[in-house]
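Multiple structures follow.
Two complexes, one shared chain (subunit A), two partners (subunit B, subunit C).
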Partner chain A sequence: MIDLKKLAFASTIALAAGIGAAQAQGDLTVAVQLEPPHLDPTSAAAGAIDDVVYSNIFEGLTRFMSDGTVVPGLAESWEISDDGLVYTFKLREGVTFHDGTAMDAEDVKFSLDRARAEDSVNAQKALFTSISDVAIIDPLTVRVTLSEPNGLFLFNMAWGDAVIVAPESIDTIKTNPIGTGAFRFVNWVQGDRIDIEKNPEYWGTPARLDNATFKFISDPTAAFAAVMAEDVDMFSTFPSPENLPQFEADPRFQVLVGSTEGETILAINNKLPPFDNVKVREAVAHAIDRQAIIDGAMFGLGTPIGTHFAPHHPAYVDLTANSAHDPDKARALLAEAGFPDGFETTLHLPPPSYARRGGEIIAAQLAAVGIKAEITNVEWAQWLETVFKGKNFGLTIVSHTEPMDIGIYARPDYYFQYDNKAFQDLIAELNKTTDPNERTALLQQAQTVIANDFVNGFLFQLAKPVVAKIGLEGFWVNAPTQAVDLTAVGWTE
Partner chain B sequence: MNRNLIIGGLLSSLFVLAALLSFVWTPFDHAAMDIPAKLKLPGAPHWFGTDHFGRDMFSMIMVGARTSIAVALVAVGIGMALGVPLGLTAAARKGSWLDELIMRGNDLVFAFPSLVIAILITAVFGAGALNAIIAIGIFNIPVFARITRSAALSLWERDFILTARVSGKSSARISFEHILPNVMNLLIVQGTIQFSLGILAEAGLSYVGLGAQPPTPSWGRMLADAQTMVSFAPHLALVPGMAIILTVLGLNLMGDGLRDYLDPRLRVVRT
Partner chain C sequence: MLRYALKRLLSLLLSLAVASLVIFFVIEVAPGDPASFMLGINAQPETVAALRSELGLDVAKWQRYLDWTGGMLTGDFGTSYTYRTPVAEMIRDRLWVSLPLALYALTLSTAIAFPAGIYAASRRGKPGDIAVMGATQIGVAVPNFWFAMMLVLIFAVNLRWFSAGGFAGWDTGVWTGIRSLTLPAISLALPQAAILARVMRSSLLDILGEDFMRTARAKGLSRRQALWRHGMRNALIPVLTIIGLQFSFLLAGSIIIEQVFYLPGLGRLVFQSISSRDLIVVESVVMLLVFSVILVNFLVDLAYALVDPRLRART
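Right after this comes the complex of A and B.
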């Protein structure tokens, strides 16, 4: 009898616990490292904005799936003219913005015209430069005319920078974003969190979650504590790879390591002597031991790269052997370049551990061949000011997380200041090419050119570790673009 | 000799010796990375284990002692070199506008939370050991100025000073020839205490990334680096943490012991 009582008592508790868990089924707290400066993805480069709004709040004509494929978004279908210049988009019917207004051709024209305008502050204006005209055929049909064929046009339209916004709400978009997505913006407590809720009027598959909260935790120790204490249900891109084995060993959590578009490079100021000498850059490349950096700074997380291209992309060429670790060769090259005793330079390191720890390792590796790199640790704001805008640096470490961004090497005013006419022509030709095979050939040629010019020290492809509670499913493991897409996320029954 | 002085002196000299020895010998090159051998627990040949880059912790602690001691020593030196003359001047001109100016200036510096200002200084002028020294040094000035002034004030009332004044010595000469030697004991005691606080401040600044920059080893930064790894490699935090605790404890004990031994007020009681 006593046993039965105990059993009944235990099942009551289990029932109560079950109810408790069921109530939380529709809620999710997800942590990301950085708080966005504001919430308009069409007017800033900050990836932290896309983390919160991409696909959740804002949608574009096309969109990325987790595996990197581009699928229809607000455009249901499209037709491309034979010369590749005219795209006719058929928009979905019955799509409304969160404020109740209809999403139609007007909004598409407004968004594209705004992004490509002369005074546009869009961080990726290059995505729109090939557009010469946007015309409204009827409320659900838009015709986009390009000035030249662009093989990447549909891909470009999937970026967070190309989402469709409404003219009615554009003035307050930075603090109160009104989009068409499966979630609505609710509240932003600066310095702490952003709340979003399910959009019941959503045109597509409704979100599984009722409420979601984004928390901002950049400190690795705080991140570890928050996950361990179950203050957050999921951490997208966990900051300290060294803690992952502990989560893996813990039955409460699942750890998934996905790929990102983040080429982590030792950026070299190509205009600053002695780095204007290709021999010196080659010496730097051979002084670096990638595996030591991946093991030491990332605890093994990351894929070595030999050029500025994502290894999971079909057009990737493995050029790591081109800049294999060879200190003797590095010393010989330095001597050839006129620096038998090496030289001194600076190494600016932004906060992420790939940079701070990787920087210490690289400084030691450079010192071994005679290059004395003085380390300066900087915050992101300072990095943007001094390195990215001011170009006042010798070396720096950063991860370029934009997809398909080899084109930055064709911009001579870009912060590492690589100026090669042949390469610029190559990229111009690539942009015009629509044939997939020809594109692959050109992309591979481009990868080889920058690898042979040793523009930067190509280190590794950043991995994306996601830590989530057991029972959570539907989140992105790979990051084809910076996003924490919650539209398919839910708890298993 | 009292017990505090002996224990404190032994602990402090241990670290000073380690720092001095590091100039000529360390078990391993403190900067040499050996990533496959990372996070080794203490044992032969790495007596304090290895860090996350496979560097020898024992060597890093030895060279780190050098950083800590150098920063704290110079900072205390700045404090003494500027604070003591200011205190002597204020005492000699007691009640004058100069005295007021010096002492209110002292109050002003005291009123700021020292570590916050140190962070501000290093943030504005850049992180590095030199700026850390200046930041910590500035906050030592009022400490020494105040203690010098209060001790000197009572000395100025004494008969031997009166004799000196009557014989025509200038107040500057009296300050340096008669007052200074008599406050020296106090300054040595205070200097020891400030030295230990300087080591703590250096560790604190390095911990937040504003002290000595890599690759110069620093105990504070070793602690900061260890943060995320404490749960699986506790020696990473324990080793520099114990080094800081023992050094500061040793210097404080030594300061207490020296006070018993040197402070004239306490000496009178004992005899």
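Right after this comes the complex of A and C.
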């Protein structure tokens, strides 16, 4: 593998001179790592679905912009009652689905009711649980009533899981998605590619591209070859960060590294002795050298975090000093907790390289203070079964990619089993608060509580490297939600 | 001949029945649940339960086994848990890549191995033989994915004659399809050709030392005539065995090559389905592969009987 890269590097230099393969200005081939299982974003957690359909094919009442702000989507405007319980959405006029049917209040009611129904299979059903009623006022006005105020409601409606779908096309949505977006679905050759094309009837700013093709390449070597051979014009979330300098040095390509909502943590089983002792968790926190992990496992990509919160968010508090790398302190804390000679535990590692590579480094860092972590590599399905559901683990590494998910620390039955009544009350209050300043204060308080309780080892915010050909512009650099939004993408003249 | 064929057929059916049992229950005991895989780590328990019942996973295991095997007899392989499309359709689409690829690779490897093996045998101990044997030694030792990466580097990244991977699809034309399969087929064929050439050579050499070959020469045939009329038929038996094994291997064992060239073949389908615990797809594809291996062996058995009349008589 290493030899290949060296050879490839040499060949790059030989190549760099004369390339100018003409490509159609309106076409784009974009590669992502994983193929979606199906194309219904409202009934699976797979980010690969959102990669293809979010904003391109499906739209919600609100939507995320690349900088993380939430702007009007299919809802042109809204009014919120003074008690924060009633949202009256005014829908855009003249919006049609790709099959020609009109998008109106009926579709909104159908989509929201479907997501919160008893037999709903929406992976983010929690986004909708505060809704108590959806009423149609007129074809372009919908009134949503909440059972309690929810400061995140408009934010929640921007998720891919909350897009507006039509009852007419719901039965075939998994293989033939019909949305309202700037692109419409053309074809899916399973295992190979998905084609989408410009929607000429689009209500908003029309797409700049005429055709776009998604390709699915998960093998890092194949990904490298596909970009080098210019089989693909753009690779969103390139799988091997070690290749990036090579692309940067190549005049054919641009490399952009953006931020994501993925807090990568060393999750600790808070109920499993000795981790039920806060001193032990504090020792773990001080045993970790974040920068060594970022450099060693991610080749420098990633921002250190000291709590479960995205550093690019305005409410972020930098608490990394709270758990600074200090092996001596870690050893002292272990001795205080009654483990002068350390102890043995398990470390379960799911497939992504941040976990597999990072895990080796963390195991070594823990060993340096006397904690012997036995590494077990697991597949995702197995991880979900034993770690997530069975809670049968000591330590594990995982990236939590959902936006604004600090609320998971208020779920005592969640896999890391952090049970703190004060924190749960804090989150309950946060959920009810709609005033932005009060929300910021509460969010900061929440970040500090979990950092001081050393609930998990907070490692780094996952970065998103994008490799694209020179001349391509308008794509998302940061990823406030998992998406490859092509609506503004085009080639420079 | 008929009795021989029937006997073989019976053993084929028995093997299939046993295989289906083993496959189903081995795969079902592996930890992991397709519904929780689909819904991820933010889903609520009742949502997972709702999806499980939607997928029919809340039914007892033996009942699902019976449904599955019963369905297969009528050509209905069930519906994929994650893709939600009929498994039979998925397999058919993937076979349109895997089967041509396997045949392409087999044709290439045979086309290389036969002349190389015959040449080496006829030049036994001479420089030509040593050169061929040396080359095949390398071919056997080097893994096919390494060939694959080298081919991509030279012909896709540098020379740009082929794309680095992917499959254009047969609907874009037979030639484009063959073109996308060329590099994968070569990388699969090279190690197979090396093995086959060695078998061909040693099998021929064994035959050349046989008494009946001397007799053939004694009755006045030239070396060449003796080889083609009497030697080849006998030397082909072990070669056929290897070709049969190789075909099964090529159909099932090209997972890594499909991964390197991101081809939408059967191997990659199995790989994806295992990681997403799409059990019904895994079970059906594995069953199909087992079936094809058993079928190929059956056909090879029949081919033996055609080449070697003694086998027919023995039953």
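Operating definition for what follows: the second predicted complex is superposed on the first by the 470 of 493 C-alpha atoms of A that agree within 3 Å, B and C clash if a C-alpha of one lies under 4 Å from a C-alpha of the other, contacts with A are read in each partner's own complex, and residues count from 1 in each chain.
Assume a contact is a pair of C-beta atoms (placed from the backbone, for glycine too) under 8 Å apart; a residue touches a chain by one contact, two chains touch by 3 or more.
Small disclaimer: the values here were computed from a predicted structure and weren't measured.
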**Study point:** Partners on subunit A (subunit B, subunit C) - clash or fit
**Key:** fit
Point to revise | Which superposed partner A:R193 touches (first subunit B, second subunit C, both, neither) | key: second
Review point. After superposition on the shared chain, which partner residues are touched by A:T221: those of subunit B (first), subunit C (second), both, or neither?
Key: both
Review point. Which holds for A:I375: it touches subunit B only (first), subunit C only (second), both, or neither?
Key: first
Check your understanding: With the two structures laid over each other on chain A, which partner does A:K125 touch: subunit B (first), subunit C (second), both, or neither?
Key -> second
Check your understanding: Just subunit B (first), just subunit C (second), both, or neither: which does A:N211 touch?
Key -> neither
Exercise for review: Using the touch definition from the top, say if A:R357 reaches subunit B (first), subunit C (second), both or neither.
Suggested key: first
Review point. Counting residues of subunit A in contact, which comes out ahead: subunit B or subunit C?
Key: C
Exercise for review: Name the contact category of A:N243: first (subunit B only), second (subunit C only), both, or neither.
Suggested key: first
Exercise for review: Considering only the touch criterion stated at the top, classify A:A292 as touching first (subunit B), second (subunit C), both, or neither.
Suggested key: first
Review point. Once superposed, minimum distance in angstrom between C-alpha atoms of subunit B and those of subunit C?
Key: 7
Check your understanding: Across the two complexes, what residues of subunit A are contacted by subunit B and by subunit C?
Key -> 221
Exercise for review: Note which residues of subunit B are touching subunit A in the complex, please.
Suggested key: 31-33, 35-36, 38, 52-54, 126-127, 209, 213-215, 227-229, 231-232
Practice item. Under the touch definition given earlier, write down the residues of subunit A that touch subunit C in their complex. Key: 4, 7-8, 11, 14-15, 35, 37-38, 43-46, 118-126, 174-175, 189-193, 215-219, 221-222, 225-226, 228-229, 231, 351, 379-382, 384-386, 388-389, 398, 400, 402, 405, 408, 415
Point to revise | subunit A partner contacts - residues on subunit C that touch it in the complex | key: 30-34, 36-44, 47, 50-51, 54, 82-85, 90, 93-94, 97, 149-150, 152-153, 156-158, 160, 163-167, 169, 259-265, 268-269, 272, 274-277
**Study point:** subunit A residues within the subunit B interface of the complex
**Key:** 220-221, 224, 240, 242-243, 245-246, 292, 295-296, 357, 359-361, 363-364, 367, 374-377
